[in-house]
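Submitted below is the structure of interest, expressed as structure tokens.
So that you can tell them apart, the chains are marked A, B and C in the order they are listed, and the count of residues begins at 1 in each.
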Amino acid sequence: MFDWAFALRILPDLLRALRVTVQATVFGMVLALALGLAWALARRSVSGPISWSAAWFVEFVRSTPLLVQVYFLFYVLPGVGLRLNPFLTGVLAIGLHYSAYTSEVYRAGIEGVPRGQWEAATALNLSHFHTLRHVVLPQAIPPMVPALGNYLVAMFKDTPMLSAITVLEVLQTAKIIGAETFRYLEPLTLVGALFLALSLCSAALIRWLERRLVLRTAERL
Amino acid sequence: MKPIVRLRKVNKSYGDLRVLRDLDIEVAPGECLAVIGPSGSGKSTLLRLLMTLERPDSGLIEVDGDPLWEMERGGRQVPADERHLRRVRGKVGMVFQHFNLFPHMKALENVALAPMRVLGLSRREAEARGRELLGMVGLEGKVDAYPAQLSGGQKQRVAIARALAAQPRVMLFDEVTSALDPELVGEVLNVLRQLAQDTDMTMIVVTHEMNFAREIADRVAFFDHGRVVEDDTPDVIFANPQHERTREFLRAVIEV
Amino acid sequence: MPRPLDLLPFLLSGAVVTVELTAGAAGVACVAAFLAGLGRLSRRRPVRWLAGTYVEAFRGTSALVQLFWAYFALPLVGVSLDAMTAGVLALGLNTGAYGAEVVRGAVRAVPQGQHEAALALNLTNAQKMRYVILPQALVAALPPAGNLLIEMLKNTSLVSLITISELTFRGQTLRAETLRTVEIFGLLLVVYFLLALLITSGVRALERRLSFGMDRGGGR
């Protein structure tokens, strides 16, 4: 039933495609981390409209399917003059989608810093920017790492959606192999196994990062 | 008369911490035993062992003539099976310091649960008994209230009614007023007084309320470091303690 | 009807399929979450191991890959599923694995005192779970379960890739026919958003009903 020889033959192709998966995830995560912080700060803004729009935007993006958002950008962007290749479109879609989730993590993390810290910073006459940069964010970030890490793992598992807009990541490659050889069992099973391996590795990486950050803050206190 | 509760050489440790040492104690049927002593002396552990919430490391525990963790089979003593355990456990009831009422059930439902599901009464019979018991503790107007809508004293009285509804032969009270605001303590102690004086229920009451213990207990046992240091009538213990440690403890408690 | 609303009837018939899929997969997910969540808390090691493997396997791989595997690979080991069944099963088992962790967390969150009170009343383990623990765990599990239900709704869009004619598939069909991409995908997003809002308010209402009388927030 399961042709191991065939599986070994196609493995190099899948591993090559896995690189695309990893790249898409890493770039997507960088975008999500940056944008997420922007939305979180916007939601805390004293300006009503800004805060309100950011809140609704985040809620809208979180509640709608990533696949539809991918299609949206893929078909709509060229129309407004932005001709990106499928890979970049996909990265943009994933980054935007996950920025909605990371913004919630940032918000919870920032609100988790005790009010007394803000008050001490005000008493020292620090500007809002410096307060965030030197007092609040350094304390807010370590507890956020597990949640952000979970989203990294989730993002890996969402990259196969990019196969719908012809990005040559690992699921698309598996589909092509299947269409050519009529053998779907081995490529799809291998893809599943590869994702499982990726998940476990990322989870271990996150735990390591958690330990390192916790130790450093404990020493400081 | 045969004791209704008997502990022989009972030992219990939590890790390195030895909580009960070769504990020997008996309670006669219908007796009200007050257990006093400093924190960590093993008082609560005694109750938890009797209620089978914990297992002793060694020693014998008997309730109404039946060993808790052993049973007879074919003339020999073997480890007790689930059925035996449940049969003996049914003779003991417990009221907790933190009430542990079921928050998703009304007061009447809390009280009627065990009669229905354990004793096999019909819903009508169980609720009738529940109303009766809630009336006995002064809460006939609160049968349809949820625990969140009750004061601490009311919650504890429901807890007492609930434990009584299961028809135990021995009732255990684990510092049942310690978590209450001072002005609510009295209403709970009144129920205990009622039970002690008007019924022949066997009661073991772990408490810090010395005056109450003196008033209603038939016997008082002073615990320290996992042992019974002194065990006598309230008059002796409170007015004329024989052991130095007992005197020390009472001095510290009365002063506060 | 004015543009873009003239597209709605065609899209909304796909929305019906989306709702059916969500409901069906949610049913599968509930059963799986319940069994696996309680399984992970079992005293018997083989049961714990089995439940744990299911949870880790389905959480560790991609929903889309699982979907494709159910539809394309399963026939090659003898199990041929039609697209709807493959969709409902794959999505249900995927979300069920996350649900198992929610169930596990909710049961463990019930205070120890409740277990002790049930034991003191001489309830059997089964009676304890049925009358005391699970009713309380259910209320605690509702908010995260609501989030998972929204994830499920979003995941139904994936079955468009195995040709089920739900909302997203219809959107793609319309696009190929009319090229009115902005309107189509804009509408799609709005319909999904409204469905998500419906789910959220429904879950909140259910939460309020089930926790009636209870003091939510760690009661004794």
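Observations, loosely collected:
We take it that a contact is a pair of C-beta atoms (placed from the backbone, for glycine too) under 8 Å apart; a residue touches a chain by one contact, two chains touch by 3 or more.
Quick caveat, the model's predicted, so the values are computed rather than measured.
Hopping across touching chains, the smallest step count from chain A to chain B is 2. The most distant chain from chain B, with centres taken as the mean of CA atoms, is A. Once CA atoms are averaged chain by chain and compared with the all-protein CA average, the nearest chain turns out to be C. Centre-to-centre spacing of chain A and chain B amounts to 56 Å, using the average Cα coordinate of each chain. Once the centre of each chain is set as its mean CA position, chain B and chain C turn out to be 45 Å apart. With centres set at the average Cα position, the gap from chain A to chain C is 22 Å. Residues 1, 60, 63-69, 71-72, 75-76, 79, 156-161, 163-164, 171, 174-175, 178, 183-185, 188-189, 191-192, 195-196, 199-200 of chain A are the ones touching chain C in the complex.
Looking at the complex, you find that chain C touches chain A at residues 57, 59-66, 68-69, 72-73, 76-77, 150, 153-158, 160-161, 168, 171-172, 175, 181-182, 185-186, 188-189, 192-193, 196-197.
Chain C meets chain B in the complex at residues 111, 113-114, 116-117, 119-124, 127, 131-132, 135-136, 139, 211-215, 219-220. Those residues of chain B whose C-beta lies close enough to touch chain C in the complex are 51-53, 86, 89-90, 92-94, 96, 98-104, 106, 113-114, 117-118, 146-149, 155, 162-163, 166.
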